[in-house]
Amino acid sequence: MLHKLKIEVCEANLALRDAGLVILTWGNVSARDRDTGNIVIKPSGVSYDRMLPEQMVVLSPDGAVIEGSFRPSSDTPTHLVIYKAWPEVGGIAHTHSTHATAWAQAWRALPCCGTTHADNFRGTVPVTKPLSDEQIAGHYEAETGNAIVQAFADRSPMDVPACLVGGHGPFTWGRSAGHAVENSIVLEQVALTAMLTERLRPEASEIPSALVDRHFLRKHGPDAYYGQRTAG
Amino acid sequence: MLHKLKIEVCEANLALRDAGLVILTWGNVSARDRDTGNIVIKPSGVSYDRMLPEQMVVLSPDGAVIEGSFRPSSDTPTHLVIYKAWPEVGGIAHTHSTHATAWAQAWRALPCCGTTHADNFRGTVPVTKPLSDEQIAGHYEAETGNAIVQAFADRSPMDVPACLVGGHGPFTWGRSAGHAVENSIVLEQVALTAMLTERLRPEASEIPSALVDRHFLRKHGPDAYYGQRTAG
Amino acid sequence: MLHKLKIEVCEANLALRDAGLVILTWGNVSARDRDTGNIVIKPSGVSYDRMLPEQMVVLSPDGAVIEGSFRPSSDTPTHLVIYKAWPEVGGIAHTHSTHATAWAQAWRALPCCGTTHADNFRGTVPVTKPLSDEQIAGHYEAETGNAIVQAFADRSPMDVPACLVGGHGPFTWGRSAGHAVENSIVLEQVALTAMLTERLRPEASEIPSALVDRHFLRKHGPDAYYGQRTAG
Amino acid sequence: MLHKLKIEVCEANLALRDAGLVILTWGNVSARDRDTGNIVIKPSGVSYDRMLPEQMVVLSPDGAVIEGSFRPSSDTPTHLVIYKAWPEVGGIAHTHSTHATAWAQAWRALPCCGTTHADNFRGTVPVTKPLSDEQIAGHYEAETGNAIVQAFADRSPMDVPACLVGGHGPFTWGRSAGHAVENSIVLEQVALTAMLTERLRPEASEIPSALVDRHFLRKHGPDAYYGQRTAG
């Protein structure tokens, strides 16, 4: 079942490791099957060194295990909430990458300090609001998903396909698992560069919106001219 | 004698090197044999590139060399004090990893700034009190062990399996040598992230205890749901 | 056409990746053919892992595609402006390398804090002036080139073969694509070291011009004695 | 001539590269032959990727080329001054390693913030005084050596086998080329950790001299108990 998607999700998880965004058994990537709406996700606490496509877990949109002998990632409810809220999303990645996590732990949104950021994220990457002790004690992982969705109440999640979960770390998404992983890679790099920028110039502000839009749209807009015509 | 444990200890020492936590001949890992109480530990000043299981030194709980033609690690008395004080401990690791050492050199306890920390350490990682000149001139390495044990006077060493030795560097432990090494890896990562978090938000405080407990217990508590049922 | 130069440009692009200065499809290197004035440049958005010399695009000095089935780099107009303004330039490199980009995002010129800097750049590396919204909306990439050229109104671009484009990142150049890449490597290293120097001594100033000149000229002057007689 | 020493010096130079302390053609290592007093040193500006023992240059103690078809390192006069001043020195290494260079560029001596430092350097690593414009214009490289020797006017160069040349970078030495390289590796690591320590605790002071001595002497003193009896 969903053999190709399992390979894609497994490779996307390994790509997080290869990019240095996860160590040990941290992080997870999932993807949604466009036809059935079912979700394929990494199993919980499994070593990257021995990860195989057939270990990926298949879930219904509500989270019922349809196939797989492993427990799904403990963060699964967060993924499910995001998929339910945003139909455009085809893949989600979660890491504890160093600099994105530092911004999340500082409970600060990530400002758009340069064109590298604007190439992938059309403006500030938001940070979630704190959960109450009741939310933490209750459906904690689903509440984390809700907090992410609420952070995009007045913005398009496809314009800024990333969110910092306060006190925890980043989630990114995209049309596919591969795009979600690419966004995790870019997010970590711009989180690092923004931190260094702020050190060099504490009063640093975001670049003008004309520049943000020019860069985002030359790569992702209807008249994009970055990349080859066949590329995404 | 203790052939399997020697392999385990040798591999744990090499894992420190592979994780980038030690260079040259720095660092050491030991393990305790559950049956006899004997300790297996890395020899002193031996190159990681030529390290072999049969070079590991076997000691009685009091530190007498039972087997091995090499001198044990110069930090051996520190390990022995910890094993004697805490029966649950099956393995100990010591590194000079960059960021954990920086906190130790700053004589600061490591605050719990996020869930990555809480996943492995249930709250602040303590720093030891300074030794007197007499303690330094006397049984220095054993006094270092005493300072670690005293830092846990009112806490469980298995809830927070790590300590920063002020002016020196980190020690970690666990049920086995492998767990001790994993805790060294996590400690270095959260020491780095906490430093970056503080830079982004100087007044950063620890995450609420409800969140610390949720993360620590979902992985290590009696109802843990992180990882697979067969995993530790 | 220009087979050898295509190989040179392809290898120079891969050298950026191997030096850790670019990830994903970021960055680009071009070179100018001394005989025809034609430009060879990296195609836009192509993976470094599958990059081949025959994918390089050949352009006339005005930017018309003479050969190649791929779109040239989206930054091509920036390169063309630089080649037109400075006849000595034989190669240009553009990266988003972490620390050079941080200085660019902070809109700060890079001070010459030590001899490592002076070995390759004879003094401060300038930062461009901001573009107006009209310039951003218009011929954005060509205007970026104009801003670089204007930053050298009263200096020789061969004495300081690098410029920080504010809010964006660094461009470097040299007599060949290989020299441009080497300058990108040095720029990233001195951008990092200057940042650390400033942290250790906030009031740090540039080294005396006598020391700048001694180091620059012992390597690049008419009586250079660094390197072997046959080397450049 | 001096075949074994050439191999040793070549390998020591490559070890700098492998430890990440030099890039491009930066850095250099030399050694002194105990019998003749002749010096073997890296050629100037030669690529590490193609470095061979037979390229090493043999010099008389006064710097006359005795053997070799390559120019010696442009920093050769600095090495010669150090060898002449300090008979115990058998090898010298020079790098532009990131964090040691940052302290040098900040013209700050490196404080002994922890036992990792004390294990190899018995106290503060000094920084040289600035050269005058006349010294820079004259025998610049020899004057650099003089400045290093003067920084040890009242200390033993074997207790602290390292010096920061202000505005430039570090030199280290030891009984052999290999020990000089090991000291460069340790210096870079403690330069990094000291910088992080200062960030965590701006008022950080050096560790007590009792602790410095305990660590330095347990490894290098007459009653050293670190390492194996046969080791150095």
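Just so it is clear, A, B, C and D label the chains in written order, and each chain counts residues from 1 on its own.
Basically, contacts are C-beta pairs under 8 Å (C-beta built on N, C-alpha and C of every residue); 3 or more make two chains touch, one makes a residue touch a chain.
If you're wondering where the values come from, they're calculated on a predicted model, not measured in any experiment.
Touch-path distance (fewest steps) from chain B to chain C is 2. A rotation of 90 degrees, rounded to a multiple of 5, brings the CA atoms of chain A into register with those of chain C. Chain centres here are C-alpha means, and the one lying farthest from chain D is A. Between chain B and chain D, two chains of identical sequence, the interface residue sets overlap only in part, with shared numbers making up under half of the total. Chain A and chain B have CA centres that are 33 Å apart. Inter-chain centre distance (chain A to chain D, centres taken as mean C-alpha positions): 46 Å. Taken residue by residue, chain A touches two or more other chains at 199, whereas all remaining positions touch fewer. Pairwise, the chains that touch each other are A-B, A-C, B-D, C-D. Remark: chain D residues 113-116, 182, 185-186, 189, 192-194, 196-197, 199-201, 204, 207-208, 210-211, 214, 218, 225-229, 231 touch chain B in the complex.
Residues 23-26, 43-46, 70-71, 74, 96, 98-99, 101-108, 130-131, 133, 136-137, 140, 167-169, 195, 198-199 of chain B are the ones touching chain D in the complex.
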